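Below are two complexes that have chain A in common, paired first with chain B and then with chain C.
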Partner chain A sequence: MLAFIIQRALQAALVMVVMSMIVFLGVYAVGNPVDIVIPPDATIAMREEVIRRLGLDLPLWKQYGIFAWNLLQGDFGRSFIYNMPVLELIGGRLPATLELVLISILFATVTGVSLGIYAGVNPESRIAKLIMGLSILGFSVPSFWVGLILILTFAVHFGIFPAGGRGETVMVFGVEWSFLTANGLSHIVLPALNLALFKMAMMIRLARAGTREAMLSDTVKFARAAGISEATILRRHVLKLISIPIITVFGLELGSTLAFAVVTETIFSWPGVGKLIIDSITVLDRPVMVAYLVLTAFVFVMINFTVDLVFALIDPRIRSGRQKS
Partner chain B sequence: MTYIRITGLAGAIALLTGMAGAETLTIGVRGGPESMDPHYSALGTHAEAAKHIFDTLVWADEALQIAPGLATEWSPVDDDTWEFKLREGVKFHDGSDFTAEDVKFSISRPPIVTGPTTTAIYVRRVQEVEIIDPHTIHIHTDGPAPSLPYDFVRLFIVSHTAAADYSTPETAAEGFNSGVASIGTGPFKLTSWEPKADLVLDRFDDYWGGPAAWERVIRKEMPNDSSRLAALMAGQVNLVNDVSSADYLQLQNDPAVDIFVGDGIYIMNMLLDQRTDEMPGLRAKDGSALPENPLRDIRVRQALDKAIDRETMVEIVLEGLGKPADQGMPPGFFGYSENVPKPVYDPEGAKALLAEAGYPDGFEMDLYCSSDRLPGDAAICQGLGQMLSVIGLTVNVNATSRTVYFPAQARGDYSVSMNGWGTLTGEATYTLGGQMHTPDADKGLGGFNRISYSNPDLDALIQQGMVELDEDKRREILESAMELAADDKVLIPIVQLQSVWAARAGELDFTPRTDGDTLAYPIKPKQ
Partner chain C sequence: MSPVLEVRDLRTEFFTAAGTLRAVNDVSFSLNEGEIIGLVGESGSGKSVTGFSLLGLIDAPGKITGGSVRLKGDELVGMAQPDLRRRRGRDIAMIFQDPIATLNPLLTIGQQMEMALAAHERLSPRASEDRCAEALERVGIPSARARLKAYPHEFSGGMRQRVAISIALLHRPAVIVADEPTTALDVSIQAQIVTEMKMLAREFGVAMIWISHDLAVVSGIAQRIAVMYAGRIVETGPAAQVLRQPRHPYTRGLLDSMPHATAPGQALRQIPGSMPSMMALPPGCAFAPRCAFASPACTSVPELTEAAGRSWRCFHPLDQPAQEGITS
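Right after this comes the complex of A and B.
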């Protein structure tokens, strides 16, 4: 087991090193950030001063070396554009993304799984067909469009929810959270719903397929024969049987939503990390891009790592298989 | 019953979310500052935010004409000295008096604390600042510097006591972003700022120009055009800037919204590369190499100019939000020449000129443009491609993100390109010296001459214009430089862009500024 953990940890470290190199090279290939940000009437001397200050006069391998060395000491460097430590910049916005993503994923999972189980138990009912139809919409309608429609409907037309931005925050454990205030909550509803729709559609389909399969299993047949009520069967047996794929997808979706909530954040002017990264890309703010993507890679690797561990713990076949090879 | 409950809830939430009362002005802006240190960045949106908190010696009014700011008058004492008389009785936000010490300190600061969008340009001509008395200073320059008052339009005055400990690259952001050092003389005090989010400002009651109409001003950064507009419709903000041309069409018939259209400083120019050794993206129609760079032939350049239907470009492509341009700067700016002939749309004449130049069947060109820097740039690019193909050229249109476009243009990857240029200072040496002067590292000119253009006569005029202290003579020199530049057609102006603001109907008195800034101080509630 220990060997397995060490092996995965090494793989994870390798992924992150490769990731940082690709981003470094990629940004270098696009061009010199100085060409985008320097004012037109700056003299050549000023231009060179800027290049020197940002360390862009050094050869690429040296720039990367300095970055990697600082990173090992926990220093991600300073943003070219804001002159603020990158970690502070990202850290200041992470809570906003975190609360938005967690709320939307939880909402998507709870509603999605409930609706999916219902549709799986009563596959021929009208409501089930409606649910499945809606889930197809959830898959296929682009989320930026849904976002705009949500804004137009609930903010502009009915005026029930604000059109964007983050509401009032309260400080809990040294971090600003907005979901704990009424005002903050009203701001979070639309973006969270927008972000949740796609995941919800996926959860519905996963849960439905799982339920239909589980309903035909011997477990359920014997439980029925034993006279256990349908509700109890669903809660105690079916839910358990379908939960493994759902948990896997939950983990992966959590990671990808955290990293790429960009579209929703932009449309709802939500001050999260997604918006920061897009802005950084447009001005080639390399320290922010590299730090963000390395952190994202870290999150993905950690989630996959945890999923692997959980599987190894649950399923002895996986554990022994690894040991043999 | 349910309906009543819902509307009640909506009302409660609307109150909570701060359906801004008359005392608070909430503005949705497309872009914001990069720091609270006014000397950190020369970016337009940065200076725009800084203008709320800090003042400058020289003010630029709505039409970018210079006017007194913290300095009441200025004049050259001799060839390389300017005297500035400072306004008396001006207070900083912390109650201290504004004096010559603050000016001296503020002039010394930009080269040290500036970020990549360097603010050192505003003080590059200054050699020494001499304090004559607390309200008089002499500024010694490196040779005659007639444009110094224009440079000082963007030089913000900070307090030399509050900012003293926050004037190194390491400490500046911390001190200013936290509000400790960001003590100015401007109409508003900094309350809080979050990068890419909200800037909250409170009224400074002792402002020398009289207190602002708003107790609190909140500038919300909303980069997405549709969301910004939706926030206005939902009553979350009172005013938004940079309304897109598509939205502008719709809003014209909306009684709930007032729209304000103002001329902008940006001119869209097509740039024609003048290199002899290479010509990337230019080839004969059969794909073979051309014998020489066709863009060096004035007849070809004139043909391209005649092929552009600027009226159609404005009416169809920009939905009316622009004006045909005939030179690299908007009318009324210092050095704009009335004598430049208005461009004429003449596709037949263009074809004839091409034939005369030896290209009766045209040739093939790759046209590159920025696609996300200014409103409408990608659409203008496509329109341009179509118009040029009418005279027999094969045009491959490539509208790319500015992230890719500007570095590639600087590397010399493009022979034909199009992007906007804003004359931020309101006078011609900025535009001509940057784009049209032969690149010259020593003089610091031609830094944005991306087309290897070199015209000794034009260079001489630009340099004369940069040292002539007599305003009338200077204007004359710059006007003839503008005429010469327009004649050569290496830089073909297409349209001047206009900007659109929108506000909730009947709420605000607002006058658009030519530089596109949305400043809270001049905005008043409608009576």
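Right after this comes the complex of A and C.
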């Protein structure tokens, strides 16, 4: 197990190095930020001075070297636009995204898996068909449209939930959270629901397919032949048998939603990182883009690593396979 | 002595979109305490469905549509599922072909055994562990208590099947349905398991229905043989007699197609044709289209003829002994 962790940590480090290069190069290719940072009426001298100060006069490899060296020391650079450390900028926005994404993904997983198992156990029932119909809807309707409809229905028409913003927040461990206040919670409902729909549809499909397969397996037949009740079979056999694909998708979705909840954050004017990255792309705020993408890569690597560890916890065959190698 | 299991005119049908399929058609047999009956036939003949029907484990679109299954005097057909569940595992258990598929790869042997134990008995964790270790020992698994913490993939195929057998034996059921329990195993292991099962059946007085397509294996364990074809039992009788002198041409065909019924170098004598689709059975005897003895009479279903402890469904029963070298 230790060898596995070390091996994966080295792999992760390599991925991070390669990713940081790709990101740096990609952002470099997007365009020259100088034209946006400097007012059009600036003199040549001022221009030269800014370029030198931002380190944009150095050759590319040197720029990357400085960036990587600073990165290793935990310095992600300063935003050209806000003129503050990038890490602080992203750190200030991250809790908002984090709480929104976690709430929506947990909700999507718990309800999606429950509904999916129900539909898998009773595939012919009317409720199962309704669930599957809803999941197709969840897949096919575009997210931004659902967001608008949610606002129109629940905020404008019924006036139950607010249409946007984060609401009241409360400081816990030095971070602002809104899900801990009643008002903040009411602000989170609609965007979380909006984010959750697609994932819930996916979880329903996964859980249903897995359950149907498991219910037909010899494991379940054998358990039934031993007189084990259906509830116990579902809880102890089926739930475990279907968990691996569900955890895989959970990890992938968690990563991609954390990084790219942009559409929902924009519609509900949720002050998360998704909005930050879009804004910094429009103004070519290079340090923010680079840091954000590197952090995203890091989040993905960490999530995948955790998912692999969880697999090994669930499946003894993976554990012993690794001991041998 | 009254039989421990009595099956009368059992009928199981599947109602599919393509039509109704009668997988088990008026099957009757009975089992005494400790008796082993071999249920033999080609794949698709309805052997396994018969086994599942006995436990009331037929899923939609299938349904038991008639007949009776009496286990220790109680009627199982039509019994409510919760009552049936209380019988399964305790009075009648089942073993399957492939133990790697029946055991859950993600749970330890101990967890799975305790689950099966808890289905019928409330025991302290301590007592439950004792019972499981004891059950494993009984089927010849060394250092049983330590092995309770092992996962199925850490056992060999034969050992896995022993684990499955020990789960089936946990509550000392009166009847075990063994659905091709040795088919997935190496030949040398097969013999071990067969011997062991025979011994356990004698020791505990467990009656067994040994489902197999392999006459050689069945002849080594069963006291009686029932041959199934297209959902019907076409011939039953004491194992030695059925093997030595089959009365039904289909049984004869099965015997003839065994490799050692043919001299080395010669082509195996197969039964011509293949089993008809269960959706479109010929009228009368389902074997008639493949039968060398078929006559116009065979277009109606032959009645069961009984004589001297044997029975068959055929208008043209054979009376010569089968080829040499089959009985053992």
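Keep this in mind: the second predicted complex is superposed on the first by the 302 of 325 C-alpha atoms of A that agree within 3 Å, B and C clash if a C-alpha of one lies under 4 Å from a C-alpha of the other, contacts with A are read in each partner's own complex, and residues count from 1 in each chain.
Everything below uses one rule, namely that a residue touches a chain if its C-beta (ideal position, glycine included) is under 8 Å from a C-beta of that chain, and two chains touch if they have at least 3 such contacts.
None of the values given here were measured: they were computed from a predicted structure.
Contacts of A:Met171 after superposition: neither chain B nor chain C is touched. Once the two complexes are overlaid on the shared chain, A:Thr282 sits against chain B while remaining clear of chain C.
Taking chain A as the reference, the larger set of touched residues comes from B, when chain B and chain C are compared. In the overlay built on the shared chain, the residue A:Ala231 is in contact with neither chain B nor chain C. With both structures placed on the common chain, the touch criterion links A:Leu241 to chain C but leaves chain B unconnected. Residue contacts after overlaying the shared chain place A:Gly92 against chain B, while chain C stays out of touching range.
Of the two partner chains, chain C is the only one touched by A:Phe222; chain B is not.
Those residues of chain C that touch chain A in the shared complex are 52, 55, 57, 60, 85-90, 93-94, 96-98, 101-108, 111, 115-116, 118-120, 151, 153-154, 164, 167-168, 170, 177. Note for the complex: chain B touches chain A at residues 6, 9-10, 13-14, 16-17, 34-35, 40, 42-43, 115-118, 120-121, 124, 169, 172-173, 177, 194-198, 220-224, 226-228, 230-231, 233-236, 372, 401-404, 406-411, 421, 430, 433-435, 441, 444, 447-448.
Contacts from chain A toward chain C in the complex involve residues 124, 217-219, 221-229, 232, 236-237, 240-241, 314-317, 320. By the touch criterion given at the top, residues 30-47, 49-50, 53-54, 80-84, 89, 92, 148, 151-152, 155-156, 158-167, 182-183, 186-187, 266-269, 271, 275-276, 279, 281-284 of chain A touch chain B in their complex.
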